[in-house]
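Both complexes below contain chain A, partnered by chain B and then by chain C.
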Partner chain A sequence: MNARKLIVGPFNRVEGDLEIKLDVEDGRVAAAYANAPLFRGFEQMMVGKAPEDALTITPRICGICSISQSAAASAALGAAAGVAPAPEGMRVAAILHAIENVCDHLTHFNLFFCADFARPAYAGRAWHARAVDRFTAMEGSGARACVEARAQILHIVGLLGGKWPHTLAIQPGGVTRAPTARDCVRMASTLASFRRYLETVVFGAPVESFAEIATADALVGWDKGDAGLFMDIAADLALGQMGAGPGRYMSFGAYPLPDGRAFASGLWEAGHLQPVDTRDIREDLSHAWMHGATAHPSDGRTDPDEDMSDPAYSWCKAPRLGGRTVETGAFARQVVDGHPAAVELAGRGSNALNRVAGRLLEVARTQLLLEQWVADIAPEARFMDSVTLPQTGDGEGLVEAARGALGHWIRIEDGRIAGYQIIAPTTWNFSPRDAAGTPGPVEAALEGAVVGDDEDTPLTVQHIVRSFDPCMVCTVH
Partner chain B sequence: MNILWLQSAGCGGCTMSLLCAETPNVFDLLGSAGLSFLWHPALSEQSGGDVRALLGGVESGDIPLDILCVEGSILTGPKGTGRFQMLSGTGRSMMDWVQSLAPRAAHVVAVGTCATYGGVTSAGSNPAGAIGVQYDGNSPGGALPAAFRARSGLPVINVAGCPTHPDWVTETLMLLAAGRLAESDLDQLARPLFYAENLVHHACPKNEFYEYKASAEKLSQMGCMMEHLGCVGTQASGDCNIRGWNGGGSCTKAGYPCINCTAPEFEEPQHPFTQTPKFAGIPVGLPSDMPKAWFMALASLSKAATPKRVAENAVADRVEVAPSLKSGKS
Partner chain C sequence: MADIETFYDVMRSQGITRRSFMKYCSLTASALGLGPAFVPQIAHAMETKPRTPVIWVHGLECTCCSESFIRSAHPLAKDVVLSMISLDYDDTLMAAAGHAAEAAFEETIQKYDGQYILAVEGNPPLNEDGMFCISGGKPFVEKLKHAAKGAKCIISWGACASYGCVQAAKPNPTQATPVHKVITDKPIIKVPGCPPIAEVMTGVITYMLTFDRMPELDRQGRPAMFYGQRIHDKCYRRPHFDAGQFVEEWDDDGARKGYCLYKMGCKGPTTYNACSTVRWNEGVSFPIQSGHGCIGCSEDGFWDQGTFYDRVTDLTQFGVEANADQIGLAAAGAVGTGVAAHAAITALKAAQSKAQKTPTEPTNEEA
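For the complex of A and B:
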């Protein structure tokens, strides 16, 4: 047997710090260990502060999921107060949040993920010249078009939320700025411009025709726009045959509105959908550099092991739902929401391609939602209700970040934060092993990945890891 | 000039903000000024072994380095080891890397308030021992000593902000590339004066409310947020309301207070961010350069003179009373 160990890092084009250790046997990954090598301690920082300070501090956990963190903090405070935001405030908050999520998906697709296909290692592939033209890091025409479209759609966040990232516009009672009719027509025009970008560059077809794809074959066989180029590449590189996760998909449900969440919540496994019961969440600390016992986040604590003792190998805790790993993200969200092509793909098995396809589907579907929400804004309505936070209480805030399920759990005592725990999407996806030795989702997904004898930073490993779109700054926080 | 960008302990939001640069886009903007990334953790193709080789080349001096950009605070913990952030794949702390690479660079630019002064990463009990590259909060001397000078002779240039405006970063880099940024172009906290010589108060849309001390009582109301809602725009360095963010927005335009995110120790205001601390009912913290007695006199006078329109709009979430029109000549 030919065995070697690899340490892959610095692992770039993921948000934040990631190190992957690999045991390679006979040209395949036999075991993988995901290390989140940065600890900042946000949960400790929060203790003793005024509860509303969570709205200023927690968005700064992450510069790419900032509004998601903001929305989760706001939801947790609202739950503690026992109130919902003003209905029109919910709609504006959903617009702010959805724009961040769409931007994150396109940043991932163009800047983080597809840049690998322009590598010289793929020279000679039928699609390589097109990939170089579109996806070359910082040079490709697709990369340029993406940053321009992204900067422009973020004008809506500038208008409603002042700036991106790190807005303080989303509050438990609603949003801080009431949009006018002028704002609404301006936002509609910005969305129309973004639609043109999606239709001419990303999908090469009307947004509806991509959003409404009905079958898995039609989705992976898409042949127009950069989405089509990706499907071409994915087929040739067999991205649909690598990177299998647990096949259990969890979503907390995205965009709470007065009549429910725009994308449903749930847990999907083998064709069966059931509600997510967050009481079944536990964070296992057996392989994290953390002191303390396995606990539910409402009762959890963060006490880093400064000696970084074995057998732990990451600052990331290991969340489990009912004792099991789950995968979260755009694909999970679309499966749970029942998108027919996503559900059919999920039924065929978990892989790297699905995760990217899920993001593309969601970009199209979210554009349609955004157009509707902006059209529905009633400028004469109230956008914020008065909320009094309790002196003592607790709250759970559940949202969907671009990368999946995000939860905040706050405990307030004597008007101050007594406990604050956060489980981010990548905490689920990139968790280390638990006490039973079960690897986290990405660790399991890497097992079996092909490693060339001359590779020290294997390309298949990079594709699989990046297919999850990890956000490592959120992971440990 | 080439740029090596390192992300130390922060949120990555300054890079995300940088990508919002417009007219032209960030890649064309930097390219047109002759700036290119030797490596950027979010944007470059190279990963893993290629990056380790590149970092080694810079450290040995084989690869000349023009600009080292550091985004994020430097973690000193636990116990002074810096091991709360290991640069993955290298077995060395980010603190060690920054200290080793900075002397190789012609210029060192700290991007964002974490990198400049410690920022939000140093909030609360500062669990990870976060400090800035050349400052620890207000105190000179961070991961690099106060006396440190890059090869060019400049101290670490502090592009503070949480996040940084994309233009603050690109214009600093373009000024460096053009040889047009001297130590005299920095303020006493080493921030570029081109944005730090303005106050967030300048061009704030709430200025008329400020003039009359017509105050918002709750978030979402249109009045000035200085008296009740924690706004410190009159003391905060930044051209946010002149320049505009993301197509023209700003914190105060969106109806929430300026928290002085370009300043050292903004993360610990000693009061809730959206509440103004008061002494005997009077807000503590006066506008920059304003004598207290004059401020009090003017405030009481202007409050008494507040037009009905301004008073009513201050506590409304939209314009309830429009300015009255001058009647024309009859």
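For the complex of A and C:
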């Protein structure tokens, strides 16, 4: 048997720091260990602060998903106070949040994921020249078009939220800015130009025709725009046969509106959909450099083990739902929401291609939602109700960030924060082993990946890891 | 000096037209507060000087600075990050990974020894020998010191590198430490903000390229051209402040009319930054315009000043305006910027008899 050990990292083109240890046997990954080597201690800093400061501090966990963090903090505070935001405020918050998520998907597709296809290692493949033209890191034409389109659509966030990253507008009672009729016209025209970008560059066809794809075959067989180029490459490199996750998909449900969440919440496994019961969440610390016992986040704590003692190998805790790993992200969201092509793909098995396809589907569907929400804004309505935070209480804030399910749990005592715990999407996906020795989703997905004898940073490993779009700064915070 | 192509060469090879190039030069001149006479000077520098190699490293941070940078207003400014200013090493965006990336890092350091600008996003945590931020198997603080050795100068991007920012909030679990406390033998420009405004970031770099020197800094080490005035000085809601018209609660009538956010905790009167002039997301808006007060993110220690929604001061014996002005004076004195004009205007205002609500509740300052 031919065995060796590899350390892959620092991983670039993922957000934050990531290092993966691999045991390789006979040209395949036998075991993988994901390490989040960056720890800042936000949960410790929150203790003793005024509860409303969570709105300013927690978004700074991440400069890429900061609106998601802000929405989760706001939801947790709202839950502690027992109030819902003003209905029009919910709509504006949904617009802010959805734009950030779409931007993240496009960044991932153009700047982080597809750049790997431009590598010299793939020279000679039929699609390589096109991949080099579109996706070369920092220079590809697709990468440039994406950066420009993103900057444009973020004008809407600028308009409603003052600035991005680190927008402050979302509050427990609603949003700080009531858009005027003129703002609405401006947002509609920005969305129209973004639609043009999606239709000419990303999908090569009307947004509706991509969003309404009904079967898995039609989705993976899409042949227009950069989405088509990706499907072409994915078929050739067999991305549909690598990176199997747990096959359990969890979503907290995205974009709360007065009549429910725009994308449904739930837990999907083998064709069965059931509600997510967050009381079943536990964070296992057996392989994290953390002191303390396995706990629900509402009474969990963050106390780093500065000796970094074995067998722990990451700052990341290991969240489990009902004792089991779950995968979260755009594909999970689309499966849970019941998109027919996504559900059919999920039924065929978990893989790297599905995760990227899920993001593309979501980009198309979200554009349609955004257009609707902007058209529905009633400028004369109230956008924020005043909220009195309790002296004592607790709250759970559940949202869907681009990368999946994000939860904040706050406990307030004597008007100050007494406990604050965060479980980010990548905490779920990149968790280390638990007490039972079960690897986290990405660790399991890497088992069996092909490693060439001359490779020390294996390409398949990179494809699989990046297919999850990890956000490591959110993971550990 | 290693043979490096000029900016203009790089731009031409990217298919940028001469017309677009000149437009960039004039935009840059105005962003830097220079007159039209400087446009040819900027253009000349871009045409003849070798592009500046930049090494961009990330410590404890959230990447918001990079995110801000890649969406500055002019497409050419965006290209600064995508290729123009050669970003010879950037671990978020570059192509290489793993060992290849580390090799590229070493190569850049050696090839451009003494010529490159080291751009630092985030900061090193010093607790436990730096083990809270490990990059390439080593503590980030070592990578930072190593890269700083051959740097011409250092840019501290954002509040993290400049001051510590939120991860340095009490109890600062990782002992997150600003760059200038670790690197003491190199010129450092602080470009604070969380994140800094994109045009401020590109403006600073372009200035250094054009004039071959660091911009004039204030006493805190920030470029005076962008951090010379308070948000309050140029805030479009300032007339409402002077008239005593304030938002009293979220989405009230005053909020709809765009009244001053001072009573909602706005830190504009004590914050030096260009938000109210340059604005955000390609000049669209800034936080105060979205109805939320400034949180003072370009000032040292903004994260530990009591809650963000308390008024800037608890000196209750003075009126609101006197408060703002005193704080303004104190802060202005600290950075050596003239405040005579503001003081004069305020004196005039004080002469008008105007009913002012006095803030009565003390702030809940953390012990």
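The rule is short, and it goes like this: the second predicted complex is superposed on the first by the 477 of 477 C-alpha atoms of A that agree within 3 Å, B and C clash if a C-alpha of one lies under 4 Å from a C-alpha of the other, contacts with A are read in each partner's own complex, and residues count from 1 in each chain.
Just so it is clear, contacts are C-beta pairs under 8 Å (C-beta built on N, C-alpha and C of every residue); 3 or more make two chains touch, one makes a residue touch a chain.
Since we're looking at a predicted model, the values are computed, not measured.
Undergrad: Please determine, from the superposition on chain A, whether chain B and chain C clash or fit.
TA: clash
Undergrad: When the two structures are overlaid on chain A, which partner does A:L18 contact: first (chain B), second (chain C), both, or neither?
TA: The answer is first: A:L18 touches chain B but not chain C.
Undergrad: Contacts for A:F468 in the overlay, against chain B (first) and chain C (second): which applies, first, second, both or neither?
TA: neither
Undergrad: For A:Y33 in the superposed arrangement: first (chain B), second (chain C), both or neither?
TA: Neither chain B nor chain C is touched by A:Y33.
Undergrad: List the residues of chain A that touch chain B in one complex and chain C in the other.
TA: Shared contact residues on chain A (touching chain B in one complex, chain C in the other): 7-13, 15-17, 19, 37-41, 44-45, 48-50, 52-53, 55-57, 60-64, 66, 111, 115, 118-119, 136-139, 143-144, 147-148, 150-151, 154-155, 157-169, 171, 173-178, 304, 306, 308, 315, 382-384, 386, 456-457, 462, 473.
Undergrad: Please name which positions on chain A make contact with chain B in the complex.
TA: Touch list, chain A to chain B: 7-13, 15-19, 35, 37-41, 44-50, 52-53, 55-57, 60-64, 66, 107, 111-112, 115-116, 118-119, 136-139, 143-144, 147-148, 150-152, 154-155, 157-169, 171, 173-178, 180, 304, 306-308, 315, 382-384, 386, 456-457, 462, 473.
Undergrad: Under the definition above, what is the set of chain B residues touching chain A in their complex?
TA: Residues 7, 9-17, 19-22, 25-28, 37, 39-52, 75, 77-79, 83-90, 120-121, 123-128, 130, 162-163, 218-220, 240, 244-257, 259, 261, 267, 272-275, 317-318 of chain B touch chain A in their complex.
Undergrad: If you look only at chain C, which of its residues touch chain A in the complex?
TA: It comes out as residues 58, 60-68, 70-71, 75, 78, 81-83, 87, 91-102, 125, 127-128, 131-137, 165-167, 169-174, 176, 194-195, 249-251, 255-256, 275, 280-282, 284-292, 295, 297, 303, 306-309, 364, 366.
Undergrad: Going by the contact rule set out above, which residues of chain A touch chain C in the complex?
TA: Spelled out, the residues of chain A in touch with chain C are 7-13, 15-17, 19, 37-42, 44-45, 48-50, 52-53, 55-57, 60-64, 66, 86, 111, 115, 118-119, 136-139, 143-144, 147-148, 150-151, 154-155, 157-169, 171, 173-178, 304, 306, 308, 315, 382-386, 415, 456-457, 462, 473.
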